[in-house]
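Here chain A shows up in two complexes: once beside chain B, once beside chain C.
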Partner chain A sequence: MAHQAHAYHMVDPSPWPLTGAIAALLMTSGLAIWFHFHSTTLMTLGLILLLLTMYQWWRDIIREGTFQGHHTPPVQKGLRYGMILFITSEVFFFLGFFWAFYHSSLAPTPELGGCWPPTGITPLDPFEVPLLNTAVLLASGVTVTWAHHSIMEGERKQAIQSLALTILLGLYFTALQAMEYYEAPFTIADGVYGSTFFVATGFHGLHVIIGSSFLAVCLLRQIQYHFTSEHHFGFEAAAWYWHFVDVVWLFLYVSIYWWGS
Partner chain B sequence: MKRAAAVAHAQCFGIPTDDEQATGLEKIVLEASKKGTDPYNILKPKEYAGSKQDPHIVPSITTKRIVGCVCEEDNTAVVWFWLHQGEAQRCPSCGAYYKLVPHELPH
Partner chain C sequence: MLLCAIRYYRVKKGLRPHIPSESPNVIFATPTKLVSESNAAVEYMGANKVPDLQRIFQASDEIPVHLKRGVPDRLLYRTTMALTVGGALYCLVALYIAAQPKNK
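After this line comes the complex of A and B, so read on.
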């Protein structure tokens, strides 16, 4: 071990922050190039670099924590703070879109017909697929909690099964929502209703995909014996994120699908 | 007793415990905490009276360490001085006693 009198982790120099920054540059400028010159090359390059950065950076963190033992209790505490702060920032991100929705829907303008939903919009029935989606995500919250308790109690088979079930439910939600998007009688271009609906639910769907991916990585790690019954913060972080995604959906469902219909 | 049962249960059903799988610094910290030691200063330092009979114990991996004395609570001026091994030294401001004590790093 390094000659240090503290339990913190002095990380080795790494190229991934730089490649991540370059990826951000290429994706943003690539977006502009796509808009103006119809070429997606630069943006695609940025996206590939982003994926490579994420893969290698997080792989290195797993190496440092699980295989090299750098994640002592104080280090783990810092990681917990980090994840909580990140999720908090995402809460504020969604708060903005809820603000936009309520701004437009609480005082509908004459252009909309002075009513919400606006004239000409047939909203989705909240008691059909959206209600099923709510049940699916709530169930996935139960299964992920089941997975957590299985890990803590040393039950390998149950941990793998409940975690896999959680991911399947997440994929089911995504599939149902994709079908809803395809079948919806309105589009993102249909005034402020369409904008608020698809931007808010669209970003939520993206977060479901991100959360499912995070859980899938945890499933692979669990199968490969990375987690111990006491130390499995990667899984806890994924579970926190998943609960956050679930809560956002509940707010979306009540506000946009139900009240807004 | 409950902990031993939990460990045995975990070992039976396929998920390793920290005892089995911890490595590197995490393992060193775990082993030390089981023995009741704190080689990496994770825990809050013990409180001492600071008197001649009960001086503040200052662990050091070398023969001297900087001490910052906040003589009275909420003081904004910290009194800094080098503490050398040997006899206990006194804070030049409030007179509290400080004693340097060797601290072993486990490597």
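After this line comes the complex of A and C, so read on.
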């Protein structure tokens, strides 16, 4: 191995930024082709390329960190900054949808009947499934913290069990929310109420699925002995992301489900 | 006489004949021990392959990390690249066709 006189990571040349960029091109132009010419081939191709890029890019990061030892303390600090900044950008993404919700609901127009919820909309009861969903996500926050402490204390079996339980709770939330979507008495096309409800909760649900996937990868890595009690940043990043998803839900629940009913 | 009494006693108690009513001293092949006390030979969900993988990936062969495992890496890389180049060309053709004016 070539020796370096610094603690930073000079990465090997990689094709994945190019394949990722082409995937973005194919997905966006594929969307336009689907809208105008009813063909989904280009978009599907873009999606497959995106999945291949993500798999190989993150696989290489695991190789560089766990197997090649490139993730020294200064490098890990950079990765921490990166994850924090990414989550911050996601916070701003959701802030936009909350802005839209409060803009429409604080001063409801005459077209809506001058009230919120608008005339004709029967909102979901916040103390039924949405409250259960809140309990499920809060419990998953506890189990993911349990998993973290188990990893730090070298308790392999407990770490695997608590991490698996966290993922199961995440999947339970997704299933409950899917059922709610199916049974809801209003749709996304039902005026600004429907739009704000389904876009905000829909993007949240997508983030729950992303977070659950991230945790599932961590579970596989924990089983394969990748994490040590001192060094397990991949897991910490997944846990941070999961707590972010939980907090967004709490804001959604209080604003849209509870105050908004 | 004594044996009759014993047999009578056993029948009264509902015990089957010729089977000792007390179990023999239970002998374990090894003394019972807690899993937490056992040594690392007790694996939970598979053995640790990280040291072997570290050896493979730290080999000084100048191969970039995305190809370092050999054949499976090359296969996946070539498939991805083929889709990338093919997809980019297909995209350009599709956009060229989409840009043609619709003749009434």
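Keep in mind that, in the parts below, the second predicted complex is superposed on the first by the 260 of 261 C-alpha atoms of A that agree within 3 Å, B and C clash if a C-alpha of one lies under 4 Å from a C-alpha of the other, contacts with A are read in each partner's own complex, and residues count from 1 in each chain.
FYI, a residue touches a chain if its C-beta (ideal position, glycine included) is under 8 Å from a C-beta of that chain, and two chains touch if they have at least 3 such contacts.
Please read all numbers here as calculations on a predicted model, not as lab measurements.
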With the two structures laid over each other on chain A, which partner does A:Asp60 touch: chain B (first), chain C (second), both, or neither? second
In the superposed arrangement, which partner chain does A:Pro74 touch: chain B (first), chain C (second), both, or neither? first
Chain A: partner with more touched residues, chain B or chain C: C
In the superposed arrangement, does A:Trp16 touch chain B (first), chain C (second), both or neither? second
Using the superposition on chain A described above, determine whether A:Leu52 touches chain B (first), chain C (second), both, or neither. second
Determine, under the contact definition given at the top, whether A:Thr109 touches first (chain B), second (chain C), both, or neither. neither
Give one of first, second, both or neither to describe whether A:Glu230 is in contact with chain B, with chain C, with both, or with none. first
Once chain A of both complexes is superposed, is A:Thr119 in touch with chain B (first), chain C (second), both, or neither? neither
Please indicate which partner A:Leu26 is in contact with in the superposed arrangement: first for chain B, second for chain C, both, or neither. second
So, A:Thr88: does it touch chain B (first), chain C (second), both, or neither? neither
If you lay the two complexes on top of each other, which residues of chain A touch chain B in one and chain C in the other? 1, 67-69, 156-157, 225
Chain B residues touching chain A - in the complex, by the definition given at the top: 6, 9-18, 20-29, 40-42, 61, 103, 105, 107
The residues of chain A that touch chain C in their complex are 1, 11-16, 18-19, 22-23, 25-26, 29-30, 32-33, 36-37, 41-42, 45-46, 48-49, 52-53, 56, 60, 63-64, 66-69, 156-157, 160, 223-226
Listed in rising order, the residues of chain C that touch chain A in the complex are 44-46, 48-50, 53-54, 56-58, 60, 64-66, 68, 76-77, 79-81, 83-84, 87-88, 90-91, 94-95, 98
Of all residues in chain A, which touch chain B in the complex? 1, 3-7, 67-74, 151, 153-157, 159, 225, 227-231
